[in-house]
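Presented sequentially are two complexes of chain A, the first with chain B as partner and the second with chain C.
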Partner chain A sequence: MTSMPSNVATRPRKSIDGWRWVGRLFLALMLFYTAVPMIWMLITSIKSGFAAMQFPPQWWPNEPTLASYYKLLDPTSSVGNDFLRFFWNSLFVSVSTTILAVIVAVPAAYAFSRFDFPGRKFLFFTVLLRNMFPAVIFLVPLFILMRLLGLVNTHGSLVLTYLTFGLPLAIWLLKGFYDNIPHQLEQAARIDGASRFQAFILIVMPLSAPGIIATAIYSFIGAWNEYIFAYTFLNKNDQLTLPIGIQRFFSENTTDFPGLMAASFMMSVPVVVLFLLLQRYFVRALTEGAVKH
Partner chain B sequence: MTSFGFNRAIRRGVSTAAAAAMLMSSTAFAAPPVDLSKWSPEYVRSIAGTKDFDTAADCGKVTPLDYKGRLTFWYQGVFEGDPDLLRQYYKDFFAAFRKTYPNIDLQEQALTYNDLLDKFRTALLGNAGPMVVRLQILGGVEFAAKGYLQELKPEDVGYSTEDFWPGAMKSNMWKGKTYGVPTNNETMALIWNADVFKRAGLDPDKAPATWDDVVKYSKQIHDKLGIAGYGLVARKNAGNTPYRFLPQLWAYGGGVFDEASPNPNYSKIQLNSPASKKALQASYDMYVRDKSVPVSALTNQQADNQPLFLAGQLGMMISHPSDYDVMQDLKKKATGSDLQKAETVIENMRYGLIPTGPDGKRAVVFGGSNMHILKPEYVDGGKVDQAAAKALICFWTSPEWSLKMAYAGSNPGNLNGFKTKWMKERLDKIKFLDVTTSMLPYGIPFPTIPETPEIMNIVVPDMLQNALTGSMTVDQAAEDATKKIQNIMSGGKL
Partner chain C sequence: MTLATRLADAPLRENSKEPGVLQRAWINRADYLYVLPSIVVMLIVIAYPIYYTIELSFFTTPPSLQLRDKIFVGLDNYSLILTSDVFWRVTANTFIWTIVSTFAAFVLGLGTALALNHEFVGRGVLRAILIIPWVISAVAASYIWKWIYHSNFGVIGAVLVSLGITDRPPNFIDSVSTVLPSLIVVNVWREFPFAMIMLMAGLQTVPDQLLRAARVDGANAWQSFWHVTFPHLQGVSTVTILLLAVSNFNSFIIPWIMTGGGPSNASHIWITHIYELAFGRQRWGIASAYSVLLFIIMMTLGYFYVRALSGAERKDRG
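== the complex of A and B ==
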């Protein structure tokens, strides 16, 4: 067994300066700020309707219950049936948007990164044009457009809209990523006999996986949480997505808080799971795409 | 338990009721199925359960029961937070309609209270509206005036105009023509927590008689117990705000126009009158001077007051009889110590008439909803199935279903609904129903002009917010609101 070098064992512990403690305190406060609403959401979701309205609040429910979750997950009840359908609709729209966003953004970003063609710069900045305006000003024009296209009350209207909103950032993100992949790698592949397409698929794509995953997460979360366009374009109960569906817990004179919180918690699960599984790619893509090597 | 002396109040208010019945109509009405001049809890009880109706047979005369068609329909629905009983009746209604008209393909869409108008407006811009819509009472005239709605009167769906409250019919009128049929009509009441009143040194079984008393009681509750006295709401773009402020405005003798007078013509704005300013001053006194209402009142709607009330953090509020039913539902689902607490809250709930103004004037918003048929050019697909539309409207506005669909929180739009056996059952089941039915004769409809939604949902809450936040004095806020209404009435925008 190798003994530890004596200089390591006796190295004096580096003192932690005041700024580091300030940083830690700040992070702790931020953690508290972001985590407490989530914890409160979870606690409220296991209360009865009456307990949720108590003041001072029950910090931990006297009579915890999973009734709201049972109700939401029971396909035989009207609430559960609706919730599960809304969940499926959201999943369908978000996955479709994500797949299409990746299919379009990957070659587009590659083209902007590698090819020199007339109007390249102009086009590149044009894709950002839409993002310079608040989304809500496109609401009525897009609604009328969707109606002309016969897409009102279809999930296609949402997928198309989310793509127009999500693609610019996705293309920018991926282009930054491709810029950092040395051209020499592709050139080497070409010398070895690969076509440009093969070099792209076999060399560039695997290297840009973190960027593609980040793009996918970004598209998925954007589509999963979107409210105002879904609210405007969809009028049929069986088409509604989750953000619209959970609004049903608010009535004219009352709110079902435990139901609302349980639905919100369940709505956040796919996003949290996705993010936890893929966060290292997401962070890598954001940092690698942000600087030029 | 409480003794409200409704009979005394109603007897005292006989002349008021008679006048109010007149108020609700600018035209004389011929032989309605109930005697509005005799309206009292006893009268309502005496007519309940005296007549049977066959909805399918009645509607079959309007649209044959084997009619084959397709219908799209939007309505303010009931959702997860609403009483179970009400949700069950909505479910039953659609099942019954589909059973009665098996060949009509009904595609219904429920929308929430605060979203229906905005969503409907957007859909109309894209000519993507439904064939039939059920709107809040203040919405219909706006769309009739803009030319979106077809003419529609009760006679078109097998009933008579006199079968409905005159005030409700008035809310469907634009330039002498009728554009809808009422489904339900309601008036609210004052709800208070007897335990809070007792602990604050007030009579637990006596509602504040006047709005000045409300201000006084609210302060006393706040000063003694440190909780909010009155559940003021002043949220913008939420129907709850005008429903709670206008009774106060009218009681002090004010108004937006002359809507509280027997024959209103809406030509003169009265929001800056001394009486109107007094009403606004009362809200200012509670919010700013006494700090006796929830500090969140500026963004609160009724759904935010309810938890405060149920948690014993609010002394009194204006609301529907449905609050009692909601409470019963919550109790049903509570267990252990929560159940005991819920029972205590229910025991302490008291309902009373809305307070009067300084001169004894009592008023409340005559609320409800109406059903309308759209013109084909604004409908998705460009066609309206008239027969299917009339079948649905006949079904919903029938004595049977207009009562059942309003079972927990409102009253039947069709006056014959008061004669059904279900009304009798309802009187036995729903505590405090006497209070809200007693308020019906005091109901005043919103001004029947197309600008009403904008005035009620934007200008009135803005006025309250300007005064309560101190960005304007009470005088300035009232004058500012008056100017805004002048601007809207002359075709301008806010």
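== the complex of A and C ==
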């Protein structure tokens, strides 16, 4: 910053405004890129099957209809029955994974943040290393392992797998939160006569609630959207989770794009709502580990 | 503190300790209880599969996966892979896919993060909308884009025709030359919000005083970005790029759902190819050998990356 041009005094104001306009234009383009596919999904989902298959397309349907949604949500029709079952399966698997992930990750993250024991560095390294393995490497051996444990075609196989694959990230996220809680708080509690465990439960846990919420959202969204393991481990129709169920639905009704778009929309609703409600925690947790110095 | 510094510092601290390892392990025995649940789960579900994949890569197996009947073939699986044309085709696709997606997602994420980095009306709403593609399922995203790209009724084709750019809607994902770029657009659509979130948080660490000082010194917007903001973003950027690259290298859902690797392998990347070999054609031995090769490549790249990273940081500190 030592050598600056001599005519600078005349230009800062104007050039900053110029960049601001570039920024606005860029944001508008990105908004277009992001939103148009989602809007087109919604518009298609309220068309009839016939109206969707027209060229040029109806930019706004001549006769908007919620028929696709009624069909998917009607428990008496076979499509609706399936869809609701898949939805319930996804919910069950995601909630179980989330609860277990929090139970296992909280003590581990706390230990990584606070204690200095041999192998701690090595363990943490393996935790991070896990992220470099593609899921496919694990598919065959895991499939055999699940067969051995008698878990093929059960939701237990998915919960166990998601738990493992979610743990490294969960531990990393939570560790970031524990690092931020001052040791002195616990020490004060210890001096007042609390055991290490009591200090953990009574002092640290309540303070780390935002981290736990964030970890829970991560686990939930990860499990809700997971595809490859569910695709491999489950093949009974009444066990499928939503991503697989939707794929099966599409391979049987290849031209029902309104139905497919309505199903995609409803599949996205829970995670998007959850994300919008708890955005604050979500964003903070993700960036905690990466930004801090 | 970034991942790289943690890893780089580890051996130094280990050496400076006085008591022996076993002694320390015994002193701290209660601490292991906190980590025990994670270790048990990981050993079962991670260590065993890795061992098993390596073993299987030296065997040929019958389609039924009756493991008693597997036949030892030494390195045949590896030489078969390395001499096949498909391997090189798929490898080229994987590198194009990974590098272009990572670069585009990072640049778009950086751009949006910078543009969102000052207060204006509707900023929160805009940010939330921009993040949504990252939250929704990749399966849903794949179907949405498959419909947008549809060769007869796709909306992009229709717009191009009505603007008079083409006579008939182009075949985005059914033609060998356009399929990979089309899929990368979908992948970037899903991934740039991640880079955006990370970099927005990184921007918060840039001290306001420095930016103001730069402005007083007469720096224009570009100069203050390049000399003040960008150096502060280096740590976050490296982590972001690393995470993006790893997840792109391991992509599966988008190519698998949208094209299944076709037409004629033009959109097959490593993972979709391995999946097809294993579960489509039941060639478990070859698929395992592929996985091992993939892992070696990832470890090599990761090693150089972490080394470059910690080298750069050491230089930073002087």
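Assume the second predicted complex is superposed on the first by the 266 of 293 C-alpha atoms of A that agree within 3 Å, B and C clash if a C-alpha of one lies under 4 Å from a C-alpha of the other, contacts with A are read in each partner's own complex, and residues count from 1 in each chain.
The rule is simple: contacts are C-beta pairs under 8 Å (C-beta built on N, C-alpha and C of every residue); 3 or more make two chains touch, one makes a residue touch a chain.
Only a predicted model underlies this, so the values are computations on that prediction, with no experimental measurement involved.
After overlaying the two complexes on the shared chain, residue contacts for A:S78 are found with chain B alone; chain C is out of touch.
By the touch criterion stated above, A:A51 is placed in contact with chain B alone, chain C being left untouched. Of the two partner chains placed by superposition, A:A194 touches none, neither chain B nor chain C. Of the two partner chains placed by the overlay, neither chain B nor chain C lies in contact with A:L278.
In the superposition on chain A, A:S251 makes contact with chain B only, not with chain C. Of the two partner chains, chain B is the only one touched by A:T65; chain C is not. Of the two partner chains, both chain B and chain C are touched by A:I144. Legend: residue contacts after superposition of the two complexes on their common chain; A:V102 is shown touching neither chain B nor chain C.
Of the two partner chains placed by the overlay, chain B and chain C both lie in contact with A:T232.
Once the two structures are superposed, chain B and chain C can be ranked by residues of chain A touched, with C on top.
Residues common to the contacts of chain A with chain B and with chain C across the two structures: 52-55, 139-140, 144, 232, 247, 250, 257, 260. The touching residues of chain A, counted against chain C in their complex, run 1, 4-5, 8-9, 11-12, 15-16, 18-19, 23-24, 26-27, 30-31, 33-35, 37-38, 40-41, 44, 52-57, 103-105, 107-108, 110-112, 115-119, 121, 123-128, 130-142, 144-145, 160-161, 163-165, 167, 171, 221, 224-225, 227-228, 232, 242-243, 246-247, 250, 257, 260-261, 264-265, 267-268, 271-272, 275-276, 279, 283-284, 286-287, 290-293. Chain contact summary for the complex, chain C toward chain A: residues 1-3, 6-7, 10, 13-14, 21, 24-25, 28, 31-35, 37-39, 41-42, 44-46, 48-50, 52-53, 56, 65, 67, 108, 111-112, 114-116, 126, 128-133, 135-141, 143-145, 147-148, 150, 152-153, 155, 158, 161-162, 169, 189, 192-193, 197-198, 200-202, 204-205, 214-215, 217-222, 227, 235-236, 239-240, 243, 246, 249-250, 252-253, 257, 270-271, 274-275, 278-279, 284, 287-288, 291, 294-295, 298-299, 302. On the side of chain B, the complex with chain A involves touching residues 74, 76, 78-82, 87, 91, 107-110, 112-115, 119, 122-123, 125-128, 130, 239-240, 302-303, 306-308, 310-313, 319-320, 322-323, 326, 329-331, 333-338, 341-342, 380, 409. Interface of chain A with chain B (complex): residues 48-55, 62-63, 65, 67, 78-79, 139-140, 143-144, 146-147, 152-153, 231-232, 235-237, 247-257, 259-260.
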